[in-house]
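Right, one structure below, let's go through it.
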Amino acid sequence: MTEHTACTTDGHGANAHPAWLAHHFHSARQQYESGKLGIWIFLLTEVLFFSGLFCAYAVYRANHPAVFVDGHHLLSTPLGAINTIVLIFSSLTMAWAVRCTQVDQRKAAAVLLAVTLLCAGTFLVVKGFEYHHKWKHGLVPAHEFAPDEQYLESRIGAHEDGSTLGRDPAQRVRNVRTFLGIYFGMTGLHALHVVAGIIAIVWVLRRTVRGDFNRQYFGPVDFVGLYWHLVDLIWIYLFPLLYLIH
Amino acid sequence: MAAIPDSAPAARPAAADNYLTHARGLMSWIFTLDHKRIGVMFLALIWVAMALGVLFALILRAELADPGETIVSKNVYNRVFTLHGAVMIFLFIIPSIPSSLGNFVLPIMLGAKDVAFPRLNLASLHLYVFGMLFFLFTLFVGGLDTGWTFYTPYSTETNTWVIPAVLGAFILGFSSIFTGINFIATTHMMRPPGMSWFKMPLFVWSLYATAIIQVLATPVLAITLLLLAVERLVGVGIFDPDKGGDPVLFQHFFWFYSHPAVYIMILPAMGIISEVISVFSRKHIFGFKFIAFSSVAIALIGFLVWGHHMFTSGQSPLASTIFSLLTFFVAIPSGIKVFNWLATMYKGVVHLTTPMCFALLFLILFGIGGLTGLFLGAVAANVHVHDTAFVVAHFHYVMFGSAGIAFIGGIYYWWPKITGRMYNDLVGRICAVVVLIAFNMTYFPLFIMGVRGMPRRYHDYERLLEKNPEFFDLNVIASVGGFLLAGTLLVLAANLLFSLVRGRPAPANPWGAATMEWQCASPPPHDNFASPPPVTDPYDFGNLTYDETTGGYVSAP
Amino acid sequence: MSDSTTTPQTETHDGDHGWIHIVPARVLLAVFAALILLTLVTVAVTWVDLGDLNLWIAMFIATVKASLVALYFMHLRYDKSFCTIVFLASLVFVFLFIGVVLLDTLQYQPDIQQWQRDQLP
Amino acid sequence: MDQILISATAAARLLGGLWLPERASTISPAVDGVFNLVLGVCIVFFSIVVISMILLVVRYRNRPGAKPQESPSHNMRLEIIWSIIPLAVVLFVFWRSFTVFLEMYTVPSNAFEIQVTAKKWSWTFEYPNGHVDENLYVPVNTPVRLIMSSPDVIHSLWIPEFRVKMDIPPGRYTSTWFEATKVGDYMLLCTEYCGELHSDMLATVVVRPEAEFHEWLAKAANFMEEYKDNPAKAGEILYQKRGCAQCHGIDQPKPAGPSFKGIFGKTHELQGGGSVVVDENYIRESILEPQAKVRAGYPANMPTFKGLVTEEEIKAIIAFIKTLK
């Protein structure tokens, strides 16, 4: 909320309306804080959007633990860890880019945004590799789900301990199918959000290079940054839940 | 205020600069950022959606008038009641008040030039049109027959067009989320200096509470519909029992959105009723804080009660008992509101104009609709009447009878401000009385049939007549009432459209309301106010006097 | 979330940038280091088999990392309190949703298992 | 003419029996008690609201020169009153409903168990001695527990006179129980939308005195021996009992499945080309693997009867179809 104590007749006083201030806002502060509130509410909807998948995960983990005990052997923890570190680093560069925009270091901000894009690309490449690896072994839970039995035996058989012995293979295939359904659901939706993030960062990068932002008007960079941090935050929870199951 | 002289010759209003004449051409409408134009376009589209929904309803009523197969086969009947439900909920009643009247009136009520994010507002409109196209496509390729609830496993195995309809609802969900984000930001950040939370009109409070629900509940619907579409395309098995899934899990996901959604429908309606009853009783609203906080209370408690839709669905008795108890808590704020409205009318001067008639009609129909919710909240009674015609009657009384009637009342209340024209008030009042009769004729028989043994979504009740021969008469009464009701809605719409051509030019403040939107011209200029007018108590009608010449109210200096 | 805490603060004049907060570079680096460290810790913990405790430790570490990102990278510490309320509200409703659905599904699980046992030949 | 007669008697009955259907189970009076309690609460609150509204509108109607009188716009005591009283009333209603729900939920231990299977558009009830029937026969005054499951979509079993309803989602068992108190025939309806013939998916609940019920059950169980010499008759009973009649008509054809009249020995086109002669093993195969050779022009959604039908019963059905010239 803004309140003009020095309210002059036409409400805007000496400084004419700067180009970057929308006509229906009174001051830069009102525009920035409205934008900040708006993006935070949007992030709230994103959190609830993912809550559906986390709920499906929780229901299956609570009711069918065997699904996760069998399924998680199919994932490679090192790749997951690399992706986590890549995303955390991209969060750092994004936060730093917002900082540079606030202090008018336009070139530094552009470089940092480019690095963030690079990290996002790396993340997708690693993800793509994982998906291809699954696809190669027929581990995509489509209508005719025909996993490569020998590969399953090699990944899950090797970790057979007391709890999973004597389970018939059909049950194991069902478990793997449900796990992969949840795995592709969560990481797929997250990957889509990474792609949307890339598009947003490219848009902000273009405007930074064009010099739209200054000390008083850095809203878009900050808000895309917040969206990107949320994407990273969701991955921070996805990584242990999917990759680090015991 | 004396009866409005309806017969005054409709002098064409001077071509003053208002939001309608500010810019010309189709492009200026399709890509406008002005919240007023977006509100008007939403209003027009929502009318089209309502007409489509009513058409489906008439087919259903015509079919049910006779026990056997009357005009449509079983498959077509199943598709018609599904489309009736889906179109009426996703296309009409969820966006109805917030997107049309809310978009138009909220910024002016706050003295602002526009909502916080005009482009987001336009995106909401475009998404609504895009979602509507999906539904029209589904309609033309043959519709779907799953019921508007899309319950799995039927929705995943039927070969009717489920995915376009599901994607249509998915897109309309985002249109609703964008409206919610806009209203929360506008209410927080765009209030004029001096307008604290308790100097805001109650319609803004109810839109704020509705926005909370839109923003918190709709994303869960989005993920549910996405999972359903993925389930149909790829067969992942989350809801399919053969692959380890659980159909009742889908019902939990679906009703976590769909119960708060019924409060998205009713809260804005209650906001309109608070405004209308206070203005036409010429008295300050009674218990402002209680009405305002009961809106927010309904919004928040509304998230705890979704299980009462699933008492007989195999839900565990423990969860059923918890949901039943919480359902009774959510009934209390609605009661508080109704009693406060009645207290507002005490010692006032009640002007029975059309909006007031619809507000009183709301009180009667919401009385019946809200109270029959108690039957459905109590588990013992719910088990007998769940999924029967009783439930159909209950939600028509609450959705159509309360939210729909308040929407019509709201349109009639703000029509002079939106179009700058006065309508024929007598026609409006007569229609209100006819709606009272026709509405009860249509839906009260369903209460009786539901309790005596008529399940929901039944195409053919021939064999039920052996035990309950009165079903035939009750269905005939309901069908006749249905057609009478549809005809009255047509007259109500015609009355408004006719006023566009022949209506008297409307003064700035025809009803003598004290909220800010009546202090600018009707129709309002492009920028609403040069600078926000001084903030006064929105329900203090002290210094407003009726002025014969303009037929409206002016504030004494 | 209606709270009357956000009554309009007076603002001296347009020039003052009191509302802009710039996070110092060293804070960003410190938070980054902490996050990397915690990632390594959470991976390391999985080599030790503690049964059910593993899940809760992993969740605790993830929550610490998430709050670090939220407080510093997302400015929640420096911004208006209403943004924090919005973020916490989303978590409250997520836990409400997951909690009640879990409560119910756990209750009727025996019916499902009984049916599945009957299906085995 | 008879239509008018029915409506007249119906109207009289409607006004006579206040709303609720006949009470034919032990739980009905308790449920009706809750129902009528809530009905009373509704009538009281509704009349308070509507009568006060009418009085206020008439008393303070807009007469020329009428001025709104001063009156407070806030009264904390009043607000408390109309918050606490409704809260107390609804909690009392919850308590009454909760106690009845406990009764509805706890199944007596000596209940007579019947397996119910709801499948697309027909019911089958399996009794402890293995007899399968398409109607629900129950002894009077003994608790009966229904253990229900569905092979395809969600159905729901509702017996209005017993005030009993429970959905039947696939992939699990759901159960409900009742104790019939009145001998007679009642209707059993499906109340969860389940597709095209949802409104035809009805069955009859036949309540008989205990002795008569057990005697019927014994006779029905071995009707196969009874009709050993006349398999066609046994086939006809199976045609009714196993729900074949629901989709396969004889005289009037039904949309869901091909008619049985005069098909034995004929050749029929199949979906996806090819044709087959209708003989013993085609009928046997279609009973056990219905999707193997689906006749052209009919939806392929017949459920399998493998494990539900014995070899002897298949022979009886084939014999019956042969007689349908």
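Going in written order, the chains are labelled A, B, C and D, and every chain counts its residues from 1.
Keep in mind that, in the parts below, contacts are C-beta pairs under 8 Å (C-beta built on N, C-alpha and C of every residue); 3 or more make two chains touch, one makes a residue touch a chain.
No experiment lies behind these values; they were computed from the predicted model shown.
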Practice prompt. Any chance you could check whether C-D or A-B wins on number of contacting C-beta pairs?
Written response: A-B
Worksheet, complete the sentence: Chain-centre distance (mean CA atoms) for subunit A and subunit D, in whole Å, is 48
Response to the item:
Cα centroid separation, subunit A vs subunit B, in Å, comes to 35
Item to complete: Please compute the C-alpha centroid of subunit B, do the same for subunit D, then give the distance between them in whole Å.
Response: 34
Worksheet entry | Contacts with two or more other chains, residues of subunit A listed in rising order | 1-3, 33, 37, 41, 44, 48, 51, 55, 59
Practice prompt. Would you mind listing the residues of subunit C that make contact with two or more other chains?
Written response: 6-8, 82, 89-90, 93, 97, 101, 105, 108, 111-112
Discussion item. Quick check on subunit D: which residues sit in contact with 2+ other chains?
Written reply: 171-172, 174
Worksheet item: If each protein chain is taken as a node and each touching pair as an edge, is the resulting graph a line, ring, star, complete or other?
Response: other
Discussion item. Going by the contact rule set out above, which residues of subunit D touch subunit B in the complex?
Written reply: 3, 6-7, 9-11, 13-14, 19-21, 30-31, 34-35, 38-39, 41-42, 45-46, 49-50, 52-53, 56-57, 60-62, 64, 66-71, 73-75, 78-79, 82-83, 86-87, 90-91, 93-94, 96-98, 100-101, 104-105, 152-154, 156, 158, 160, 163-167, 169-172, 174, 187, 189-200, 202
Worksheet item: Which residues, counting only subunit C, touch subunit D once they are in their complex?
Response: 108, 111-112, 114-116
Fill in: Residues on subunit B engaged by subunit D in the complex (per definition of touch)
1-2, 74-75, 78, 145-147, 151, 153-154, 157-158, 241-242, 245-248, 281-290, 312-314, 317, 320-321, 324-325, 328-329, 331-332, 335-336, 338-340, 342-352, 360, 363-364, 367-368, 371-372, 374-375, 377-381, 383-384, 386-388, 448, 451-453, 455-461, 463-473, 539, 541
Worksheet item: What part of subunit D is in contact with subunit C in the complex they form?
Response: 149, 171-174
Worksheet, complete the sentence: In the complex, the residues of subunit A that touch subunit C are 1-3, 5-6, 13, 15, 27-29, 32-33, 36-37, 40-41, 43-44, 47-48, 51, 54-55, 58-59, 62-63, 77, 81, 84-85, 88-89, 91-92, 94-96, 99, 102-103, 215-216, 222, 225-226, 229-230, 232-233, 236-237, 239-241, 244-246
